[in-house]
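Think of it as A, B, C and D in the order they're written, each chain with its own count starting at 1.
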Amino acid sequence: MKPKFISMALAAAAGIGLATPAVADTKVGLLLPYSGTYAALGNDITDGFNLALELSGRTGEFEIVREDTEVKPPVGLAKARKLVLEDEVDVIVGIVSSGVLGAVRDFVDGAQVPLIVANAGNDNATGDACSAYITRVSFSNAQVNRPMGTWMAEQGIKKVYTLAPDYAAGRQMIEAFTETYTAAGGEIVGGEYTPFGQTSDFGPYLANAKASGAEAIFVFYAGGEAISFVKQYGSFGKELPLYGSGFLTSSLYVNAQGEAAVGVTTSLHYVPTLDTPENNAFVEAFGAAYEGRTPSEYAVHGYDAAMTLMAAVDSGASDRETIAATLPQVKYVGPRGPLEIDPATNNVVQNVYIYETVMDGGALTQKVVGTVEAVRDDPKGCALQ
Amino acid sequence: MDASFWILQFLNAAQFSMLLFLLSIGLTVIFGLLHFINLAHGALYMLGAYIGISVAAATGSFWAALILAPLAVMLIGAVLYFTLIDRLRGAGPMNQVLVTFGLIFVFLDLVRMGWGDVALGLSAPPSLAVTSDILGVKYPSYRLFIIALGLAIMAGLWITLARTQIGAMIRASVENGPMASAMGINVGRLFFIVFCVGCVLAGLAGVAAAPVTSATTGMGISILIPTLIVVVIGGLGSLQGAIAGSIIVGFIETFGAVLLPGFAAVLTYILLAAILVLRPQGLLPARGH
Amino acid sequence: MLEVRKLCKSFGGLQVTRNVSFVLEPGERRVILGPNGAGKTTLFNQLVGTLTPSSGDILVQGRSVMGLSVSARAREGLSRSYQKNNLFEDLSVRENLMLAAAAGQGKARSIWRDSFRDAEVRETVREVAQQVALTDMLDMPVRSASYGSRRQLEVGLALATRPRILLMDEPTSGVGPTMIESFHRLLHSLPRELTVLIIEHDMDLAFDVADRITVLNFGEVVFEGTPDETRGNKVVRDIYLGDWQANA
Amino acid sequence: MFRQSPARTLVLLATLAGLAVYASAGGYFAREIVVEIAILAILAISLDVVAGFGGMVSLAHGAMMGLSAYTYAIFSVKLGWPPLPSALMGIGASALFGTAIGWITGRTTGIFFIMATLAFGQMAYTVFFKWRWLGGDDGLGGLSRFDLGWLGIKMGDSLTFAFFALVMVLAVYAAAAWVLRTAFGRTLTGIHTNEDRMRALGVSTVVHRAQALGFSAMLAGVAGIIAAQHILYISPEMLVWTVSGEVLIVVILGGLGTLIGPLLGAVIFVLLKHEISAYTNHWHIVIGILLIATVLSGGRGIYGQVEHWLTRRTQPAGKTAEAPDA
């Protein structure tokens, strides 16, 4: 309940800010799911965003309007329009699901309102559907998975079976992995896209994977499905080594997976155990503000969205046009390491970490086993430059 | 694709069928006797999982959760019975559907308030968190436990209905309620008992399923569809129907995933539609209505 | 007009209709007699199509209606009333009759015209209401009408479709003597060309209106003849006397 | 039997006028809300036609709306047809879909009918969720609105579009009220009250019910076109069964079988949802409690309850049957 307290306090602070003239210079619309399947993600992103403002003591400078997308594209678009046309925000931050991003894309592009994407990873948003007004500080689906293909091939794994839910993000993640993995000499011996949100028993697929003759499994699952999958994988005795997209063993729910997650190796753009001064400070501050919670990659998206926005404001951006123009020039070292925006696509350029989930002193934690630096997406049809 | 592969898939199908059976049996037992369509069954299942997780966290024991959580769900069910269900008994199926649909929403947000939005998990007890050798394949012991639990409940209900006095009373009331009360059976009390049993079964299914899947706030709604499909395919209100429906859906989903992965998502819907068109009362409908 | 040929129906091992045959001439008034459980209503259900016979044939005006649905047979002019009231409970008496009259005139489906404002439909409703003595309570909700009025409406609905063959299943079941009187009058007032088949328990009514009487027992036709023949038939008397007395 | 009483006409016009004033006077978001209300109201009116007057409680109305929107997109975006004929194709497609569902499920009633519509709706949802050509779960953008420039109407303007949506609510209400007052609607009510008897009177009830569901789906298709033109983007979420569940809640809250109630229900539902979610993320619990309270207080819904009070005041309760039915 404490995070809600803080956000209420923030809202109150923003209100006071309004009363004292010309303090809240920038109006930010937080467009996130606060109900529905991704409510937990929306809350984490909000917490990260608020923390960044608080730590830099600049809560008064930013007036925040929160809107719930309910993870429904029509609702998301309606709320985006409300933020732009009625609240007249200077910048929109958020969007968890790619469906909502797809719905909002044409509108923010047409209305020339800067949008800082704080999660949704659809490759197209910074590919052929990119926009000068859409800047992504989170990740792209391809970005977090391409390094894994090369890395697994380098580890001498020759045959892989893939699994992911049957929806756009699942396909993009598997396709990006497959591309680099086969390019590096690996072979995909089989794979399946499981009905999204409907699959509660992964047993049949795990048996298929075993029967395919693969040496390892590579999967992408998130949320409840990730917990179910990893636990069921564990219950079958971990017959094949499990690799995956890092969302599979996200710190947000790795504890729910328990022992089953030990030994699972995945790749992601943020790992809470990164030993850098920036990250250590961030993890400590986040824990202090939110009941000792470990920040997830989602919290970092929110945090970095705020940091990027503040950096843009610091370099003179003050309205929609200048914020949009300044955002791609931002460079800074944050919790996840060096971070910059690629002016060719407006997607973030960042390190991708390959980490193993290990048991340390009775608690699950992440051990980084490889780092691929400054992963940059191909423009793939994006013509920003 | 050797023999062990098919044995493995058969066990998967059996395990999934039993999970579906545990879920649907409470719903169908309540419908069979009370003619009451309890859409909140999914919500009770969700409460079973969440309460089970909390009990396991507090006591450190899965077995404590498996016993206490269904009892807690039964208490909640008893409160519901006296505040809502009893009043709605004569109110027609539409009103029952709507009120229990409303209850889903209420419980959804209550669970969000109590446990938060993050998906949670429950570990299988250490003794079952291993694999066993069965029919020449290694299979998770916990899944075998679910199969055994399902069979045990099935047998227990069967014996209760066929061999005990209360079972005879239930059968009499299912087939002819007014006659049963004329014969001196306290139908009201019988209804209450059966409703509580249904709630216990929902809670039990929630705890039993938690180590296999995860506890999410959406689970009460998402489980409703497969459960209703099982019950409608088998025939509303009949024990045999619930068994047949669970096995059919469990096997179709499992082998559909193996053999026709592209269609896995729609197979059960096609089956449901076909049954409703060809045999609207279900495969093994209950007698008496 | 209506011909039944060797009709048989069994549920599992139980034969409820055994080789029933009879012919109704146009305008004939036929009464079916028989004790409870003789299979009279089952026979009706087969005639109108709610039950499918195991074998045999049913012909209306020389054409088999076996392949036709309940509604198609009704459109062929076969109309029935029920032993247990089967009305539109939520609606008024007038609305009940309107629905039946519109259906009988093939005016139940238009999305342009309102059947309730149709002159012909209204005229039919007025006539039928008079026939079944419901003119004064046309705007009463069926729910609040007395049992006797509902019984009259039951017959009224069957009449309002203006059938060629009217099947009535115990129209006087459960009503008092005055009501039975009015049914006598009603039956006599029906147009002479209408063919009528009635299941009846009330002996006086049966002998009063029937041209011929068919007696069913255990699903089988045990006798057929004029009222006088029936009255005088010793076998029929012996078998049914007790039952008749009980129902008198 | 449906009756377009003066009170209903008054409530209809007053509500629409109120929404029009709200859209004109309010800010941008007010117009957004008005369109949202209009779409939900059309869906709820179309569901009330079959649920309230035909006894067919459908959980496929979201799918009907979505099918119409997707068909509109196929013709206008993929095949390059102008918006108007594309919209007609969309409405036609959902009408066909509804008729087909009604035909196939002709023998089912009650909970079985609900489940059957759920099954067909979810099948349609799965098809569009997986159909890559139409964007799959990502949805599809690039849609356009009707071009009424030759009338001097700029549909791109949010206020104009809100008015357009309200006009469509009026049109859909009028169409529904019209059909319910024709022979077709009378017979539908007859089937709802006593299907068995209606069949015995010579009506092919399966065909009639299928046509009624087709008509209702056609109205739902109108909602689909407005929804598609409103946000100029479509996604499979439109078709998912919970959308239909929400529509059913709206109908119940407003008053099942009153036709005007669903409009009031839509207004209240949308406003309430936005009001509540401004304070808490837990608006589900409020809707849930409201639904339970509505049913427990007699299930007449808001408008139905008001009408009930009014008729009770003007005439004493009708006498009950003197003798029990056999």
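Methods note: contacts are C-beta pairs under 8 Å (C-beta built on N, C-alpha and C of every residue); 3 or more make two chains touch, one makes a residue touch a chain.
Not measured: the values here are computed from a predicted model.
In terms of the stated touch criterion, the partners common to chain A and chain B are D, listed by label.
The chain pair with more C-beta contacts between its two chains, of C-D and A-D, is C-D. Chain D has the C-alpha centroid lying closest to the overall centroid of all protein C-alpha atoms shown. Farthest chain from chain B, judged by C-alpha centroids: C. Centre-to-centre separation between chain A and chain C, using Cα means, comes to 74 Å. For the pair chain B and chain C, the distance between mean C-alpha positions equals 48 Å. Averaged C-alpha coordinates give centres for chain C and chain D that are 42 Å from one another. Mean C-alpha position of chain A lies 37 Å from that of chain D. Across the assembly, chain D contributes residues 126, 129-130, 281-282, 284 that each touch 2 or more other chains. Residues of chain B found to touch two or more other chains are 112, 265. Shown for chain A are the residues in touch with two or more other chains, namely 39, 166, 195.
Counting only pairs that meet the touch rule, the chains in contact are A-B, A-D, B-D, C-D.
Residues 37, 84, 87-88, 91, 93-95, 97-99, 101-106, 108-110, 112-113, 221, 225, 228-229, 232, 236, 265-266, 269-270, 272-273, 276-277, 280-281 of chain B are the ones touching chain D in the complex. Chain D contributes residues 27-29, 32, 36, 126, 129-130, 135-139, 141-142, 158, 227, 230-233, 235, 237-238, 277, 281-284 to its touches with chain A in the complex.
Looking at the complex, you find that chain B touches chain A at residues 1-2, 5, 8-9, 11-13, 15-16, 19, 112, 116-121, 123-124, 129-131, 138-140, 142-143, 209, 211-219, 222, 253-255, 257-258, 261, 264-265.
Within the complex formed with chain D, the chain C residues making contact are 48, 50, 69-72, 74-75, 79-80, 83-92, 95, 98-100, 102-104, 107-116, 118, 140-141, 143-148, 150, 157, 161, 173-174. Chain D meets chain C in the complex at residues 1, 178-179, 181-184, 186-187, 189-190, 193-194, 196-205, 208, 215, 318-326.
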